[in-house]
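This is the structure I have questions about; it appears just below.
Labels for the chains are A, B, C, D and E, by order of writing; each one numbers its residues from 1.
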Amino acid sequence: MKRARRLFRARSAKEGLPPGTLVHIGEASQHAVAITRFSFSEQELREERECDLAALTPEQAGSRVTWIDVEGVHEVETIRSLGESYSLHPLVLEDIVSTVQRPKVEDYDDYLFLVARMLLPQEGRDFSVEQVSMVLGRGWLFTFQEGFRGDVFESVRERLRSGKGRIRAQGADYLAYALLDTMVDRYFTVLEQFGERLVLLEEEVSLHPHPRLLVQLNELKKEAIFLRKTIWPLREVLSFLQRDDTELINETTRIYLRDVHDHAIQAIETVETYRDLLSGMQDLYLSSIANRTNEIMRFLTVIGTIFIPLTFIVGLYGMNFKYMPELEWHWGYFGVLLLMAVIALGMVEYFRRRRWL
Amino acid sequence: MKRARRLFRARSAKEGLPPGTLVHIGEASQHAVAITRFSFSEQELREERECDLAALTPEQAGSRVTWIDVEGVHEVETIRSLGESYSLHPLVLEDIVSTVQRPKVEDYDDYLFLVARMLLPQEGRDFSVEQVSMVLGRGWLFTFQEGFRGDVFESVRERLRSGKGRIRAQGADYLAYALLDTMVDRYFTVLEQFGERLVLLEEEVSLHPHPRLLVQLNELKKEAIFLRKTIWPLREVLSFLQRDDTELINETTRIYLRDVHDHAIQAIETVETYRDLLSGMQDLYLSSIANRTNEIMRFLTVIGTIFIPLTFIVGLYGMNFKYMPELEWHWGYFGVLLLMAVIALGMVEYFRRRRWL
Amino acid sequence: MKRARRLFRARSAKEGLPPGTLVHIGEASQHAVAITRFSFSEQELREERECDLAALTPEQAGSRVTWIDVEGVHEVETIRSLGESYSLHPLVLEDIVSTVQRPKVEDYDDYLFLVARMLLPQEGRDFSVEQVSMVLGRGWLFTFQEGFRGDVFESVRERLRSGKGRIRAQGADYLAYALLDTMVDRYFTVLEQFGERLVLLEEEVSLHPHPRLLVQLNELKKEAIFLRKTIWPLREVLSFLQRDDTELINETTRIYLRDVHDHAIQAIETVETYRDLLSGMQDLYLSSIANRTNEIMRFLTVIGTIFIPLTFIVGLYGMNFKYMPELEWHWGYFGVLLLMAVIALGMVEYFRRRRWL
Amino acid sequence: MKRARRLFRARSAKEGLPPGTLVHIGEASQHAVAITRFSFSEQELREERECDLAALTPEQAGSRVTWIDVEGVHEVETIRSLGESYSLHPLVLEDIVSTVQRPKVEDYDDYLFLVARMLLPQEGRDFSVEQVSMVLGRGWLFTFQEGFRGDVFESVRERLRSGKGRIRAQGADYLAYALLDTMVDRYFTVLEQFGERLVLLEEEVSLHPHPRLLVQLNELKKEAIFLRKTIWPLREVLSFLQRDDTELINETTRIYLRDVHDHAIQAIETVETYRDLLSGMQDLYLSSIANRTNEIMRFLTVIGTIFIPLTFIVGLYGMNFKYMPELEWHWGYFGVLLLMAVIALGMVEYFRRRRWL
Amino acid sequence: MKRARRLFRARSAKEGLPPGTLVHIGEASQHAVAITRFSFSEQELREERECDLAALTPEQAGSRVTWIDVEGVHEVETIRSLGESYSLHPLVLEDIVSTVQRPKVEDYDDYLFLVARMLLPQEGRDFSVEQVSMVLGRGWLFTFQEGFRGDVFESVRERLRSGKGRIRAQGADYLAYALLDTMVDRYFTVLEQFGERLVLLEEEVSLHPHPRLLVQLNELKKEAIFLRKTIWPLREVLSFLQRDDTELINETTRIYLRDVHDHAIQAIETVETYRDLLSGMQDLYLSSIANRTNEIMRFLTVIGTIFIPLTFIVGLYGMNFKYMPELEWHWGYFGVLLLMAVIALGMVEYFRRRRWL
């Protein structure tokens, strides 16, 4: 809910502004924007932090690849000047600074613009989301992270620095693939946590059904809706990258993208399975609660019913009629006690036979 | 419901009339129709109000763009003469004055006809709807609003007047895009308000479940159905504009339309999410109410059950048998009081252990 | 249900007969078949009733259009001889006399065969259905109505007779369009009535929930299923007419057909909305009924619970123990009365505080 | 359920065998396989029973058509030798003897292989199913029925023998159409029976809701699932026959196949409508039962509540206090009787006003 | 649930590693990897176990087919060296050792890579799953099984050894088909077991509804979700193999693949039917339980209600008023007994008539 609220606050702030106006939408940050530039070929790698913005112009240096990783998108001017150096379309810049995009890919002929959402598992129970935008050109790649809650790209940076594997020998498209792959892998960590909570809740539901569990179930259902909404559009993005005839992506990289696509589908299917399981759990919970209440009510009603004729009998002999022969009998009292015991035991037996007790 | 009713009243008034008959369908208005004409090029802008209808003929003046904005569609004759100047198809005029169209786009070769629905947030809790029709020709754009409840185009007019941004340098197709963009942005304001009401209702439901909330839930569900029905067809409209090979829309404008399309999809997904949340809330509410009733009934039944054997015992010693030895005992009364206290406490303890109390 | 039953009675009567066998399926009629022939050009119109069957052969007289309107399809021989004059396919004739077809369109190269279902609003609450078949050739149009419950084509006939509007200047395809348009317009009258009943029922449900309403709800749900089944296939029919490359339909008429198509979609969406509303109403009704029952039961149980300890106390002092000091006290009786009043008021207060009363 | 069980017993018997192995799957039969051969041209017809298997080779005799109808598929060797004479693919023969196929059509260039399922109405309440396989070649047609429960092809045979109608003048494809048409017509007889049972059950549900009806409802739901599963794939089969560019089916026959296709769609829509109705009936039933129980419980609780204060009062005056002034009054007893009457009537009135009684 | 848990444990272990890194994901095994190599032509067959890895290079020996069957994928190095001999893509090897893939097929030009999931029926009630990967090249086929719980390929090996049937005369594509066919056949054994459990549970549900059944129902529902998720994607795989224009699969083999495709669809439809049946059973169970509880409560309440006026009467004559004429009457006591008998019988009769008892 808070997520939905944030989305709208943000959106409505921009109403009425011309398209391409750069307005940062998202959480405000105290940190400065951190820009790191990797420039590498198969042989060597240059890594610069806090680099000069002016120097960030595209170089067409053969097979050399440039990766500019921007953490923090709240400084609109920085983003604008970066965008101008590489002559990015104003709508691209607008989408980068507005962190409420749905995952998508757009082909601007000279470059591809791609938005994805990163899921970051949290210590406690929940998870957080961050938007990652990528601009993939010929020989260069821009990545923009919100940069608040951590970063999933470190493993890729390590592979770049060590120079092991294919990564430095391939182009910018392979780098983009590697980053997407890392992000999708992280989805599974979040889904695993979610799955663990589901298992725990299911045990609770079948062992100790309690109204409070329903609120938890509802929370999980809302999170599953959110997960689905986050992961689902990525499928289209990856399917587009694989299928499309843009020259920016090599044939060899497409094979790798097919693999991420496959993982994304698996993630979506897992969320769908979770939703089915949650719906089954809700049915189970509601029936368990209803059963428990029914059991109690039935037990109490049976108990009450056993006493009804007994109470009638004691009332009967509490009447004040002048002539009631039983009252005079010497063993009358004990006879009535016996009678009542017989009635009570008979009823208990009857209810037991019908399995009501 | 009122909306549905209005729709039908309107429709059935036209039954049996030949197609192309102009009959105003919608709320009657006291205001006169207001026509404003903007004629602009990159260098300058002319704005005329209350302009002469006869003069409103298409000019093929190079890159000059004409925008005729009509507020109020209840004066059928005005619409007809406007339509004839630009030789619009009778069905187009019929649809313009009938304000119960579903969003659509139709290609008439020389111009595109486009119907959309504007959502206007209201102060209170609800929102209102108005139909907007557009006719986009080569170098000219007609817009028709119902014009009762306000206008969302003012920000676009301001951009035109100030001459800032791209808007005056582009053609009529870009102007149409800018207007659609403003309308879709306004959807998010309405969705934000709706979301706030949802959040408030959800808090109520989980804290103080009360039958009256169910009526509110049902109201929100009906509004969500209505929102979905309003926004959904716009997606097809925007998809058509982007995809189609009409020459009336430039390649550069298509990139912008892709952006609005994206926003429309996001709006639809939000409505779908709301529907899922509402359905979850309804489950939660029904279970909460059931739980609460069950708790009360169980508590009362348990209380009743504790008194059942006690009442039996006092009845027992109220019997009038001649020979009942206990009655003669000196401590009989106090012994019975003690016995009953023991029974009562034992039962309370038993029910507590089984968590029924 | 009766409708479904009629359908099957009819169908199974034909089992085992060779295709193209003409068997009238539908309600039997006492009326004779009424055949009216309109023959018109832009300048003049000839209208003949009770016309000679033999004379009904196709004339290829330039732009002259012939419309033969047949009311009543229960005289198999009449239909057969009509069909033979225009050499219609036996399957077409079979479908015409069998009034249980689903809406469809079939291209027989020389002519199009089209089945639609007409909804006729009834005075009371329900509506009735009639099958209308059309055969559209080059310059001629056949229409076959069941002809029991009225006719919706009168407005088109009037337009033909008056010669106003486009209708006489256009071909047979435009005439077919005009008739379809009239039929779809009539759908909205039926939907309006249905909507009114829905609004009334919804008010009842929220104000006075009563078991009888559920039966009404179920009736409306069945009617909505029936409406959907009737209108839905028409969409495909109209989409086919618009899209297809048959030469029997002019380009200009296609624009008009697009308009009817649009109305049909709107009618379907309205039925879908009704189904959503009905399903919401059912939820609301069930919860209201459950709430009401729970309220009553809770109230009664609370009342009962207040008396439980009081009844115990009066039982207590009804015991016949020899030594019960309280019984001897002078103010004992009044003390007990006071005690019971205190207990009763205390419980009422307690239940009020917990909002159980 | 029994049907599903039979399916699996059968299937698993074949596990591990090479494809094309002929294993009869289905009910064992005592009858011998009956083979009938029709060979006809427009002028004359030859019908042979118990014909020589060896003689059953394809004859390419001009427009002469051969139809070999096999009743019983449990004699694997007979099927194999038939298949070899016409050089049918081993998979075709395997599918013919395995009577658990889903309806399908397969194009083997020289012939079409087609599986459909025949529904046979039964006297009682249910219906039975039989598999029919067809192999359609150039000038010849094979049909294979299970042949236990009767045969729906008799009407077609009669038409062949009488030589009336088109059937002898057309090719093998028209014969195949005629047989399919007969089968689909028979579906409607089964659906009619099903509809009758639905109508009866609905009346029961609304007049005398009883738990036993729920079991019947569930039975009907299972049958509807089964009907849907049986009829649905036939739609694809007929759509394929109509659409496909195989030369085995003439243009004129396609028009007739379009007609059967249409009927199949109508049958499916009917099943869907039945499922909707059944689901509505279930809602109705559950609410009726709940209402009825609630009514009874409310009535009884109200009765009980009226007696609660009365029982308290009689208990009150049963107390044994020394000093209770009312007890001494001469009209005390009658006064209390009156008081109780007033209380009882007051409560009855109160409950009536609130419509609880 | 355990399955889902296993999946994620596995996945997250690989997070951050470069693509193509071989990490075994799945259950650890003590067994060594068993490699069997079949090399055959129509005339003869060579079968080698524990074969030399180095020798496993592709031979292009005419029509000779090589099948290398690997049981156990936990020895990463073995898989890597096998992969390198045949120059398989690193992603293929990665997927082979990671046993949590969803069924898929990928075209690597020189070979097809295919993942399927094998269902193995278990003695008890459940079933187990194993991943099978296949790499199909020109003249060679690799298969990789997890190899823990048995093997379904033995029947194919037997057919190869015996040299009967088509199998040795056909290429590697036919061998791949034969293996897929065996796997899909085994699905039906699992589905049969599942169906048996369904039938048993349904009998239980309708005869002895008990809360414990709901847990079983939920278990079956979860298994059905799992089955669906396992079988569904195989449909796409088989559809791809049939349709695609790869040269690795012969035209004749495609006909056989069409057959397996058909079986896969039948398996999916069966799972869907099971889900429908399970959902029907749940409705039935919930209603049965509710009915049973209602019956009991109603019975008890009716019994209680009969005693209410009787208890009132005995209380009435237990009052201590000085002047109560009835108390003095000689037959008063017996009269009251009679009166109460009449009231009790009257109420029993009344409740019987209204069918409440």
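Convention: a residue touches a chain if its C-beta (ideal position, glycine included) is under 8 Å from a C-beta of that chain, and two chains touch if they have at least 3 such contacts.
Keep in mind the model is a prediction, meaning the values are calculated, not measured.
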Graph separation of subunit C and subunit E (steps between touching chains): 2
Relative orientation of copies subunit B and subunit D, as a Cα rotation angle in degrees, nearest 5: 145
Approximate Å spacing (C-alpha centroids) for the pair subunit A, subunit D: 42
Centroid spacing, where centroids are CA-atom means, of subunit A and subunit B in whole angstrom: 26
Touching two or more other chains - residues of subunit A: 290, 297, 301, 304, 311, 315, 318-320, 324
Of subunit C, residues touching subunit D in the complex: 1, 4-5, 7-9, 11-12, 14-20, 89, 91, 95, 101-102, 104, 106, 108, 211, 214-215, 218, 221-222, 225, 229, 282, 286, 289-290, 293, 296-297, 300-301, 303-304, 307, 310-311, 314-315, 317-320, 324, 326-333, 336
Subunit C partner contacts - residues on subunit D that touch it in the complex: 154-155, 159, 164-167, 177-178, 181-182, 185-186, 188-189, 191-192, 195-196, 198-199, 202, 206, 255-256, 258-259, 262, 265-266, 269-270, 273, 276-277, 280-281, 283-284, 287-288, 290-291, 294, 297-298, 301-302, 304-305, 308-309, 311-312, 315-316, 318-324, 356
